[in-house]
Amino acid sequence: MSKQNLFSTQSSPTPILVVKNVTKKFPGVVALDRISFEVFPGTVHALLGENGAGKSTLVKILYGIYTPDEGEIYVNGEKVSITSPRDAIKYGIVMVSQSPILIDRLTIAENLILSLKKYKLFNSTRKAYDEIVKALEKVQLEIDPNTEVYRLTYTQKQLVEIARALLLGAKILILDEATTYLPEVEKKKLFSFFHQFADEGNSVIVITHKLTEALAISDYITVLRRGKTVATVERGKATIDLIRRYIFGEAEYSGRKLRGDEGEVGEDIVLSLKDLWVKGDLGDYRVKGVSLDIRKGEIIGIAGITGNGQLELFEAIMGLRKVDKGKIIINGVNTTNKPTRFIRKLGVGYIPDNPLRYGLSTEHTLAENIALSPVYDEFIIPWDRIYKDSEKLVKKYGIVTPGIHTPMKLLSGGNIMKTLVSRELEYASTLLIAYNPTRGLDEFTAYKVRRNIYEKSRSSGLTVFFASEDLDEVLELSDRVVVMNSGRFVGVFKREEVVRDKIEELMVM
Amino acid sequence: MDFLHLIISATPLILAYYLTSLGHSIVEKSGVLNLAIDGVFVLGVSIAFSQAIYTGNNLLLSLSSSMLVAIVIGLFMTYIVTKFPVSHGAVGLSLMFLCYGLAGVIGVPARILQSTTGESIGYAFSPEGVEWLYSFIAIVVLGIISHFMIEKTKLGAMIRACGEDPLSAEALGVNVMMTRLIAALIGFGLMGLGAGVFELYYSRIWREGHGVGQGWIAFSISLSSGRHPILGILTSIIFGLLYEHRFSIVALGLPREFAEALPFITAILAMVIYMSTPLKRKLAPPKSLGKPFFKEERTI
Amino acid sequence: MVRFELVVVKRVKPLPRWVIPIIAFVIGTLIATTLLYFLTGGRSNPKILLDGIVNALMTPQLLLKNFALLTIVGVGLLISFKAAVWNIGGEGQFYFAIIAAAWVALFSGLGKIVFVNKFLMLILGLTAAGLWALLASLPRAFLGVDEVPVTLLMNYIAYYIVDYLVFGPWREQQYKYTRTPTLPTESWFINIPGTTLTFELLILTVVALVFAWFLLNYTRVGLMIRVMGSNPHVLRVVGINTYKVIMIALTISGMVVGIAGVSYLASEAHLITIPAETRTPALGYTGILVAWLSMLEIIYVPIAAYIVSILLTAGINIQIAGAGGFSVTNVFIGSILLIYSILVIFSEYKIKIIIKKR
């Protein structure tokens, strides 16, 4: 894995952007470790990598949302200090992220005029009309600027934001996963716009985890892994296999054997998904027609880069998100769009994403959070029983805490996670749905949690349906692996059929 | 002719209601929950009264004073709730109490003075004159200008953006603090003016506690009309007429208290209707009204 | 060029919270005193104010009634505030309880039967108050309408209902004064000699505190209320309907406030005068101050109630430049609450001063 230096291969014009040895640390983690790369004018440059590789952090630094701890940034040869998006815009850097910043109740024109300094307070919005229409035309969006943003589709909102970048005089356009959720047709239109934009001497930096996308549109691809630059490759020299290896690196197994003798998988179907379609928060479909049958005692893991629909799928199963089309059946009971309480009562445990927000109340104590488990249903809280159970859980799962009466917020992230896992694993009798169950845990603890899940499944026939950003985890724990990409199941592999390369490929296609 | 007389006698009240509710609407459109409205109103009334007494009924000066005091309070409140993640409601209610108290302390000495000199203050619309016509023209003009400002200008878009989603507004380049302060300047100025008009052109008397509850009627007018400057004209007229002629309502077979309670009932019903029908898009409260504005720390 | 910028940042470990109400009280009092001094052209002697406060401190027996009533209202509002449901409608709930209790005492025919009358007054009183609160909770629970303006405006509707009843069908007929007839003495709560307190009120205060304590700490409903206030998302995930929690929190809150209303009627007023808007003891509002100052901890409610009742008692006896006690008290209450609302964030946040060099 050598760093390929572009200067040595061709005589190129001066780079429009140079990032040199940029380092960024957050408490407990080094997000970026001496990152260096260059972007040339007139090019489309892709930044590839898994989640946590550092792509988002890097562009947030370029856009002034973070400041680097070390390193330098040069724009057009001039060293710059970017401490806010306003600074970045001054240097011609504009970022569009995957979550729109447009304000729903205002019109397109009103949203855009907010960014344009040249219009004064009492100027009528109409004055900016022509300029706005021109920008919208450039991104091929034919829509009346007086349309309220809430009427727009997700795609249209993204296009408006790109139009805004144009209006701000962007020379370097950064798209942080902004293209990832667009439908194919729209993507193609957008890509042709990128080329046009680049032909005018500007540059586009596209962050994506989709290899095929990167290969399709970019002139250069820079791969990041765990905060380091792995390589920068010219399009001509890039192959799927090469890039894939750069993204994932060599497979490293922890060497600890997780699974023992294989147990019997039951005949009964515990969870059945039939042609499920679920919309995301932004109004577009995130789950696009998935079907799957899971048998009693099976452990099914979803392999996939975050953001491909796993979250929405699990929320739909738990009754926390509306199912637009299709059916969910748990133990023969149709649970599609039923209230969460009903689903829980069937013995379903749930480890949600973002545990601090959706799983636990950090202001309250460990015991109080355990008390939230649906198993304690009585009107008068049986504190004695709960305290006993909590003590047992603390021992069994090795939760490090001064006591069961300590507020959760004083515990470390890993122990908060363990508390959540313990509560849900103990409660789940039929089915456990888990999203990133070992998030934030160190190697050994993560192993123990996986072991707990595995043992409970084998001993009591608990069916487990989980998703994890950590491919190793999915491969270690699952009886069957499902690969999810862009809202679809693109591959199902029995344990013995697993070919790691193939799965990785399916994840990033 | 009879109906015209009904309107003429209610006109100064309608004007006062409209000014106050319009000011309130503008402030809340920028995302600042204004529970201090009744306090600011009562204080404005007291200031207008006392200044009129001390300046020998100089109406201009008295009105300016009440506007000034309202603006100072408004700017203070807006700054505090935008800069720090404090509860808008708590700050608003505390200012309400404070203003009630200050109104009493400021007004009573002037009242005592008045009782010795016996002079009257304010200006009464003459029943044959055309002040009422000018008032309505002023109301309509003000309504049109405000509506234009809010819906058609950049400042209006900035104000509404702050009320809907201040974090996105910041990302889009709006200076939320500056925008809210401007909205407060205009809005509280109008509220202070409304209070002054109420005192000097409508009631023209004063005692401790005078004006309590009138601010809430203006509040209800604002909410009932979805904070819309033109709809607010209609609501101000209806509730102004109702209040002025509340004793005559008995003739219709309805208790007087019903007339008094009607603005509040209407406001609640309006809020329910606006939130549950397509009207939501135009007339619902600003999405981030009253929400503490807290920017996640930037790691520097 | 050097620029200073104030940045508000979340604390890792919160500060001890009890410090803040004390600081708020001190600073608020200072500000109020200063304001009054300057506004009255130096005529208001700060000493008089402080004397008033000290006097109030020295004669606790006079405070006790307000103290008890404020404790009940405070703890009632606390129940709702714990769920982050802001019950500003204490006044309306207070008066609805009074209406129901007055009806029992005056017009039900049972008003003179001992024990039964008081029992019925309480039951019907807190039911009426609870229903009024339940009504207010519906727009919030089902439509997401902010409960603050709704509960607040319903206070005024309640005032007018009272006005209508007392001005009309319930008016005392002897002199046609704008009040109800005096309640039969059998319905009066029994005075504890030497104080302004009554036995029933004392018992009810203890009952309210114990009830709130038990509800919030030992029942599932109480746990839901508490979690709702800190993280409503968790409730959804665990399968609890948040709209049920909102409705229950407000209704129970209203019921407890209703207890205070009945107690006020039976311990102090013994009749209803109107206009309610000006005659009200405004406990529904000062109760908010008590609930906030207690930082939503039941243990601190009596302490906060005591402090506020000192202010109320002191204020009644003071006349500043002719302005009545209520104006003065309002200045104090307003200042203290204002300073408190600002300072309270410092338990969770701190201010960093960032120096930016260009």
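Each chain carries a letter (A, B and C) given by its place in the written order, and its residues are counted from 1.
The rule is simple: a residue touches a chain if its C-beta (ideal position, glycine included) is under 8 Å from a C-beta of that chain, and two chains touch if they have at least 3 such contacts.
As the structure is a prediction and not an experimental result, all values here were calculated from the model.
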Chain whose average C-alpha position is farthest from subunit B's own: A
Chains linked by the largest number of contacting C-beta pairs: B-C
Inter-centroid spacing, subunit C versus subunit B (mean Cα positions, whole Å): 26
Distance between the centres, which are taken as Cα means, of subunit B and subunit A, whole angstrom: 47
Of all residues in subunit B, the ones touching two or more other chains: 298, 300
Residues of subunit A whose C-beta touches two or more other chains: 83
Residue ranges of subunit C touching subunit B (in the complex, touch as defined): 6-10, 35-36, 39-40, 86, 88, 139, 143-146, 148-150, 152-154, 156-157, 160-161, 163-164, 167-168, 277-278, 285, 288, 292, 320-324, 326-338, 340-342, 344-345, 349, 354
Touching residues (chain side subunit C, partner subunit A) in the complex: 13, 218-223, 226-227, 230-231, 233-234, 236-241, 356
Subunit B partner contacts - residues on subunit A that touch it in the complex: 26, 65-67, 83, 85-86, 101-106, 110-111, 113-115, 117, 119-126, 148, 150, 164
Residue ranges of subunit A in contact with subunit C within the complex: 83, 318, 320, 339-345, 350, 352, 357-364, 368, 371-374, 376-381, 383, 410
Touching residues (chain side subunit B, partner subunit A) in the complex: 149, 152-155, 157-158, 160-161, 164-165, 168-169, 171-174, 182, 281, 287, 298-300
